[in-house]
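First up is the structure itself, then whatever we jot down about it.
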């Protein structure tokens, strides 16, 4: 069963810049994380975007959709910022592809102490292989349908709408 | 959907002992890992055993089975050593419980650099929620039926038998 | 030989805030770092300030000076932001205390991957015990006199003036 | 001021072997640690031995001595196992070289959670530059003369004899 992992940026993939003191994007951490995970099956990595999800515009979401459409794989994980993960999931979900697409991200960057990123990546890789075709968000140890999820910004976690 | 995580020891849970220079078991790392994962749903942790899986005997496997039987939860993750994970899975599988039980572990301890443990835990937590009732092994980014898996000791990874 | 470690904030001590996505100050990481260092001798920790060094004003530098003056210990490490470390060192140096005071910090926060912080703390603790009375900056594996050092902002490292 | 770092193995430098579950030696972690430390000055790394210090024999200690004698640098750090650090220090100390030689190591390997290794390396690098010629042991945030130190095995720390 082939799996594609598409990186788009987000908190998951932020690095610390020693000269500016800011968090920024450079080479994605995802390939290193996949190697560390010792994944034995075929797993294709695609570095599509490197954006804070607040900076994601319609055209970027269309790029994500096109990548999912073009992909030979029917099981896809999209690493994405949490702030507009729901919006991208809605674009992907409305396209009704016959694929299982799981968006995930992190509340703390992969490279920072106490990060949830590596757990979330594992959770999403399982969900992309096991859930029936559709578009989902995997965060906080739970799989949400794209139409039934919101980010609770006060608590910093995802919740079902109903 | 309630989830139970049962720790039995294994590589996943080994600590380094500064006085002896050996790896050993003390308080399980799993509760800390679950907190770091920011799991929002109900998730019960049970510290059942703290054994190298090569030291696991029939009586220990029966204890794991009893914990799974007694559990109120229908979705269970068992953190286990990799060397006899298949044997414990066979004991659990033969009991034909109406639950989804996923065994996972690690090739490198959670507390050691470059560990796969946190990814595997995430993968197993998703699989325990999404796979149909049965007993599975989750390692190397893949979910195996308990009757169709072996550990390839030369390569240090799990593979399907057929 | 007693040692005092004074935390004032700076990159060394920054945490990631999961809700805002910013780096900020909360409980200092220094006590945990000292415990991890397995320091056996008497070592007093003082949480004096929690400031980005660009936000440090004269009054804050006076507070650092007063802490050094009041200290019972003759060997002092000051954990400080790198951007104005030289300015604080100049205030301390001009006071001509009969103590060995070593300022150190980090180019990458202690809690972020690939941080130099823990090495720098070790370096500074040795320098505070071994250098003759005076005020120094310990960065990049080198000990600089306070009057003969500048931060090269392009390269992100400290250099002697001459 | 030139500095030489000589690796001889010891707890500091142990890796976890995923296939055997044992700790072992492979490429030294020291060059990576020095890079992470952002050392700006000239610093020569020498991978001399890769031994558990309990396996160190007279001939190995002679090799360490010869490396120190041959070195162009007058400031030397020797990364060494803690169990016989004192014995090697005695061999080096008896040779009365006109150099500052600091032995250090770790109670927990560099690659394992909560390791003191990186702090100790920083401490030793400062001591090798600042202490007067002689042979020293740098552990637990303290610098000991080679003739006035022992490892307290019950507490897992170094102490002065008097």
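Letters A, B, C and D mark the chains in the order given here, with residues in each chain numbered from 1 onward.
One rule holds in what follows: a contact is a pair of C-beta atoms (placed from the backbone, for glycine too) under 8 Å apart; a residue touches a chain by one contact, two chains touch by 3 or more.
Please read all numbers here as calculations on a predicted model, not as lab measurements.
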Quiz item: Chains in contact with subunit A and with subunit B: which ones?
Solution: none
Self-check item: Most distant chain from subunit B by Cα centroid
Solution: C
Exercise. Starting from the mean Cα coordinates of subunit A and subunit C, work out the distance between those two points in Å.
Key: 38
Self-check item: Approximate Å spacing (C-alpha centroids) for the pair subunit B, subunit C
Solution: 44
Exercise. Averaged over CA atoms, how far is the centre of subunit C from the centre of subunit D? Could you give it in whole Å?
Key: 25
Exercise. Going through subunit A residue by residue, note those that touch at least 2 other chains and give them in order.
Key: 107, 114, 156
Quiz item: Which of the chains touch, listed as pairs?
Solution: A-B, A-C, B-D, C-D
Quiz item: In their complex, what parts of subunit A are in touch with subunit C?
Solution: 11, 16, 18-19, 21, 23, 107-109, 111-114, 153-154, 156
Quiz item: Across the complex, what residues on subunit B touch subunit A?
Solution: 3, 33-34, 36-41, 43, 107, 114-116, 118-127, 129-131, 138-143, 156-159
